[in-house]
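Structure first, then comments.
Should a chain be cited, it is by its letter among A, B, C, D, E and F, assigned in written order, with residues numbered from 1 in that chain.
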Amino acid sequence: MNPAPPPVGVWRPVLERALAEDLAEAGDITTDAVVPGDASASGRIVAREAGVVAGLGIATATFGLLDRRVVVDVEVVDGAHVSAGTTLAIVSGPARPILTGERVALNLLGRMCGIATRTAEVVAAVAGTKAVVAATRKTTPGLRALEKYAVRCGGGTTHRFGLHDGVLIKDNHIVVVGSVMAAVVAARLAIGHLTKVEVEVTNPTQLDEALAAGADVILLDNMDLGELRAAVRQAAGRAVLEASGGITPETVAAVAATGVDVVSLGWLTHSASALDVALDLEDTTES
Amino acid sequence: MNPAPPPVGVWRPVLERALAEDLAEAGDITTDAVVPGDASASGRIVAREAGVVAGLGIATATFGLLDRRVVVDVEVVDGAHVSAGTTLAIVSGPARPILTGERVALNLLGRMCGIATRTAEVVAAVAGTKAVVAATRKTTPGLRALEKYAVRCGGGTTHRFGLHDGVLIKDNHIVVVGSVMAAVVAARLAIGHLTKVEVEVTNPTQLDEALAAGADVILLDNMDLGELRAAVRQAAGRAVLEASGGITPETVAAVAATGVDVVSLGWLTHSASALDVALDLEDTTES
Amino acid sequence: MNPAPPPVGVWRPVLERALAEDLAEAGDITTDAVVPGDASASGRIVAREAGVVAGLGIATATFGLLDRRVVVDVEVVDGAHVSAGTTLAIVSGPARPILTGERVALNLLGRMCGIATRTAEVVAAVAGTKAVVAATRKTTPGLRALEKYAVRCGGGTTHRFGLHDGVLIKDNHIVVVGSVMAAVVAARLAIGHLTKVEVEVTNPTQLDEALAAGADVILLDNMDLGELRAAVRQAAGRAVLEASGGITPETVAAVAATGVDVVSLGWLTHSASALDVALDLEDTTES
Amino acid sequence: MNPAPPPVGVWRPVLERALAEDLAEAGDITTDAVVPGDASASGRIVAREAGVVAGLGIATATFGLLDRRVVVDVEVVDGAHVSAGTTLAIVSGPARPILTGERVALNLLGRMCGIATRTAEVVAAVAGTKAVVAATRKTTPGLRALEKYAVRCGGGTTHRFGLHDGVLIKDNHIVVVGSVMAAVVAARLAIGHLTKVEVEVTNPTQLDEALAAGADVILLDNMDLGELRAAVRQAAGRAVLEASGGITPETVAAVAATGVDVVSLGWLTHSASALDVALDLEDTTES
Amino acid sequence: MNPAPPPVGVWRPVLERALAEDLAEAGDITTDAVVPGDASASGRIVAREAGVVAGLGIATATFGLLDRRVVVDVEVVDGAHVSAGTTLAIVSGPARPILTGERVALNLLGRMCGIATRTAEVVAAVAGTKAVVAATRKTTPGLRALEKYAVRCGGGTTHRFGLHDGVLIKDNHIVVVGSVMAAVVAARLAIGHLTKVEVEVTNPTQLDEALAAGADVILLDNMDLGELRAAVRQAAGRAVLEASGGITPETVAAVAATGVDVVSLGWLTHSASALDVALDLEDTTES
Amino acid sequence: MNPAPPPVGVWRPVLERALAEDLAEAGDITTDAVVPGDASASGRIVAREAGVVAGLGIATATFGLLDRRVVVDVEVVDGAHVSAGTTLAIVSGPARPILTGERVALNLLGRMCGIATRTAEVVAAVAGTKAVVAATRKTTPGLRALEKYAVRCGGGTTHRFGLHDGVLIKDNHIVVVGSVMAAVVAARLAIGHLTKVEVEVTNPTQLDEALAAGADVILLDNMDLGELRAAVRQAAGRAVLEASGGITPETVAAVAATGVDVVSLGWLTHSASALDVALDLEDTTES
């Protein structure tokens, strides 16, 4: 998987904010104090554990925002599976901006690689079923585009991006509106015929309503495996079925085996641990 | 623990960005389509699992940014330990902004409570030792202030906030400068006598250098338990000692028992899973 | 039509930018010079010609951004058809902010009402056909959300909002990719099954390709009436058909009569003239 | 006319906002799906109808904001009169950013050329009179600098830019202050002798007051041709006279022939239709 | 003098930036550590030396940006002359935001009052001459609107606000263009008849050129008193004359006595010292 | 002194804001009117009086923000002592951006050099004592990082940067908390052992409390020379002592001679006059 990255207008501000919170107005007082302004450095960004790469070009752009003279040679593409010890990129140039930008670059890279890696594991776990693996809107505030991109690097899909680009009628909508039927009909009337309508259901009765109302996609919320299998039989191909709610890497294979079309996991973005990545500067003090 | 929250000028933009990425320009097309503009709703934000609360007032401010008429009654203070099922806040007002803001509010709240909860577990694990638990700069881009605050809600401390407010000479600095001694001396000369100097060391020789150079605080990087105990004996109280590097909730108690003053864990902010929190609207369709 | 307005986070910056370009740093030097700080004023925002209202609440929020004490009573809802001379809103409070904000409020209101009015005329013109009226992405830079909303106030629909929320393969994509077939197949592979695929065609051969490739929606670009009728027969209901390209209020009825499902007009947003709206202050100098 | 364009700090954010509303966070999902990342493209921006060019360099800077590797060769200068079919610029480079930026660039270019073209027509219509053609503050929110520049490209002048840089006492000021005389005198006292004072009048009595009070410029609001001619005689050169209010391209010649010094038309910026401009990519699939 | 303050959209960001640089992301760590969250406080903002007030309402808005519950009672109006010890405002409410905002509020207030005070002294010094006192563009980056306003509070005028709202041909323009005559003629051709033209001259020959070219205002740059008197005679009322260049409070009276119309001093904004203002909290620990 | 400058993310917005307030949306109407777009220019930025340079690279970056083709050759480093008449930088390129950016660049440069120059004078005045010279938080809103940097260029130190990066318990804190002892103890408990604690005292009793409470640094507020000498004796090296409050260049030597460790002067940033710097374009009209 080597998907197109998010627009630069989306990710550059993420880096700028990360630098701003680290540097504030005083800057990197340690580096400014101990490293001469004319010192150079060179080093490798290394994956300390095996995983899937995501955000390498984006995260390493940090250095250039601090000083255009820093050169970054990216060694692998986003989406690549790498083993522990793999050099991901080589960074060289003035020492100060390399030291100052290190943590910001690694924080973002470790997080994005972590999501891609866990996604790839989940995708592998469902191999052999027809289910695709999707992320949800349970993303980190301010990082959705980058986390959705990391999911795609890992082989997942992104479901809708946000509230603005897809219709998903959820449990709380139904509480307010009164019934699945009423909600789906209202959506159909208001939304153009160019947009699909998805609705969340929790039991066979609601599923029947959703099918009768002509929902394009139906989210089966927090159902156990037996309920999911029953739902697949009940729907009989009349709508795309998505299983969601508390699915983890441990449970995903069984869920996918029920015959649903999509399995979606908030876990991928809200609870995946970071991949261990580091910057190892070359010791040039001998030369 | 009920520490002072970050400045409003720091956290409000976080919420605004999260809303912007969810709503873009088209807004919440589902809610606008299915929920009448004059519908009201009321519901409870509930902790689905036990944990420590952090960011409740901040996260629920989301609703007011969408519509000032939404009323939020916060039921517990940040820092409180709550059991599964506890109502954290009651939200009531126009239905549309409540439905639209739900995910943004919960995403932030779940993350912050997750960090506070894991911090509290770690703090409990080191009880009986003199070690304090500190977070690092391995935070989510754009969320440092909120994550550091969550750590404090859980009973941890924040170490330095960023590159701008504390001196920490790290391994890569030493690679560039050539020695612990040279780096600490350079820092002492450049930094005012109002600021403490911390340096990272990996072996007894560097520790000797650091002590000789008069470092105020010494970070013992990636040492095993034996090395840590030896370092504590070697320092003999001449500097504050901080153990860091790969410490997890599983290993932290043993590390603290070596006699170090501070244990710091990047894990708290880069890999803690979110706490499960939800918004349950009341079904008022009967009335 | 009384659709939900865009998010406040979208339209408030539009007003703030408009005020900023009018006021710069020196402010309203005329009003500050001639109107005493304690003078009050009251007046009516009036439609000088008949039309459809759009953006009334949004545009009049201008005054509150200048001074919270200005009170605006909105007299009609967005989407209302009003006759010449109708009072749309009553504005009262301190005279200075009313005078200072007048032009910014009216500029936005006149533009939005103009679009809604022309849209309503076009919708009326296609009554009796099955065609819905859609806007395109040919909107004013920075005002898309407000212009799309004005189209909806006039009874039109919005098609996709932008490049991010819908798939539309256009002529230039096909030039680069090589064929309609190749482009639709590539889109199908990359885009989730939750998203519809639309493709632009210019002749019967491309239309066949599009149908064969399973496009959900097909845009018939710049076809004359005979070509459109032939395309409707050729498609025979296998895809939603949209006529686009150079359609004006004068030609839209004939286009709709060909049997297409959607007629889309860039004209609505790039060339509709503003509605004449004014603020008439009451002459209170007699009292 | 080849006037100096607005500051880059003014127009670059306009492009960035336009890209942001089109791309949001997900980007151009069509182009990313169907066009390979390494595809190249080349094409011409063409005027489909005759007109006056404005904003060519500014609008085509869109592509560089997406990808610095896109090369734009501008073929004509702003202010040039071009015939239908003229190539305005050649765009070449990576295919994706060219396709992604096309609509944003053309939307701005079409609007600016439209204003310049209509302005040039109006300027031609008043040739032979002493009147200069001026725009007003009835501009599109957020685009004033670009629209005022387009007016200048078409041979018009810009009157004051906003509330901050010129004194114009309008009807509503006079309603509040009580009389033309009082308002002009107040302005004279408060405003430095480095600034001219303009006042709006609607009848001969107000005109007398304005002249007596020493107004530098007098706006004759919504007067018919006979009233304008009488005003010119009455003023007898004691002040600059500006005719304004409902003037259209159809009526402007007659208004100018009355002998006024300035004719100003809000029409130029609030109701001029866009010029039809397009991007035609070269079909390179054969080679 | 009680002029209209700058637009809120101009000064609120100044306060927000000042708070941001003081608080960064960690906030006021001292106040948060030592002052309980529920403590209240009340105090007086006092002028420790006599002077003219400027920016009182603006500067004290700082507290409300931190916490809306802080109440500020402003005791004097901008432009007022106050003696040492005068209470300017009373601040009361939660103790934390009062302590946190104190320095930001006082920094701005002291600077603005300093400028107003020195301006008033200069205005007093030229009393009896016809000269008005004007500031220049030699203002603090980011604070021009506030400093120009402070000058007006002190009884001065603001000359042009910036490069955008007035024509002033300076020495370096003349170096590039070649002559005063060429520059003034070029300006006259390009600038509308609604705008005055000012030109800087350094000797009688240039003054002659400027008068012949019809300059409205002529800046006499760095002339000594004899040269100024000669220039006044030479101009004989044909243009407004402004003396500028190195004028200080010590020399301004003599300059004004030469008969020029305007004396302008960069000194007012780039070198005026701050007025000593302080916040004295009431000691409530006894009660 | 040639300290590291603030982060680019801090100072570039300062320049952008300064350009924005000078240019607004209309730009430099004089230069655009009188200087041809293809004219070139070259000139020298000159110190008209002797002083210490600060901010030269930062201030002259202004030109590049307007037009990348302007070339700036910096002739001296920040921190250099220069005599009157010294060329600081040579600026060459297109004439328009050089003329347009001149004032913004010089305003910032003059202010920063002014602060550095006065700081250097103060540092020289205390030579021979052990006191270091520190600035305070009494800086210009929005310019703190640049002013603190200027202080360092002049040989001073920066004390804490803001409220966020150092603990200083001030008089008003003590009023609220009740005693020096209570405040210091509270700070000690809340603040990590990695941070020093400073407290302000006004008399020997408070000094005793502060020493007893273990304050690391003690600010002696507004004490006369005798009181300072007594305090030095009383402290006897148990804490770092800082004298502050109303110290001026005239009084600083005597204060330093009392034996305190630090003298801090708000005067350096709130009342230092600007250094006189100018841009002299070469007259190339002869060639």
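Methods note: a contact is a pair of C-beta atoms (placed from the backbone, for glycine too) under 8 Å apart; a residue touches a chain by one contact, two chains touch by 3 or more.
None of these values were measured; they are calculated from a predicted model.
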For this session: Call it same or different for subunit D and subunit F: same when shared residue numbers make up over half of all numbers used at their interface.
Result: different
Seminar exercise, completed: Most remote chain w.r.t. Subunit A, using mean C-alpha positions, is E
For this session: Look at the interfaces C-D and C-F and say which one is made up of more C-beta pairs in contact.
Result: C-D
Seminar exercise, completed: Averaging C-alpha coordinates per chain, one finds the centres of subunit D and subunit E separated by a number of Å equal to 33
Seminar exercise, completed: Per the C-alpha centroid definition, the whole-Å distance linking subunit A and subunit E comes out as 51
For this session: List, in ascending order, every residue of subunit F touching at least 2 other chains.
Result: 21, 23-27, 31-32, 144-145, 158, 161-162, 164-166, 195
Exercise. What topology does the chain touch graph have (line, ring, star, complete, other)?
Worked result: complete
Exercise. Along subunit A, where are the residues that touch subunit C in the complex?
Worked result: 132, 134, 157-161, 164-166, 192-196, 198, 216-217, 240, 261
Problem set entry | subunit A residues touching subunit D - in the complex, by the definition given at the top | 2-4, 6-10, 144-145, 148, 158, 161-162, 164-165
Problem set entry | subunit C residues touching subunit D - in the complex, by the definition given at the top | 14-15, 17-18, 21-35, 39, 41, 43, 95, 99-100, 102-104, 107-108, 110-111, 114, 137-145, 162-170, 172-173, 175-178, 182-183, 186-187, 189-191, 195, 270-271, 273-274, 279, 281-285
Exercise. What part of subunit E is in contact with subunit B in the complex they form?
Worked result: 16, 19-20, 23-27, 31-32, 37, 65-66, 96
Seminar exercise, completed: Within their complex, subunit C touches subunit F through residues 21, 24-25
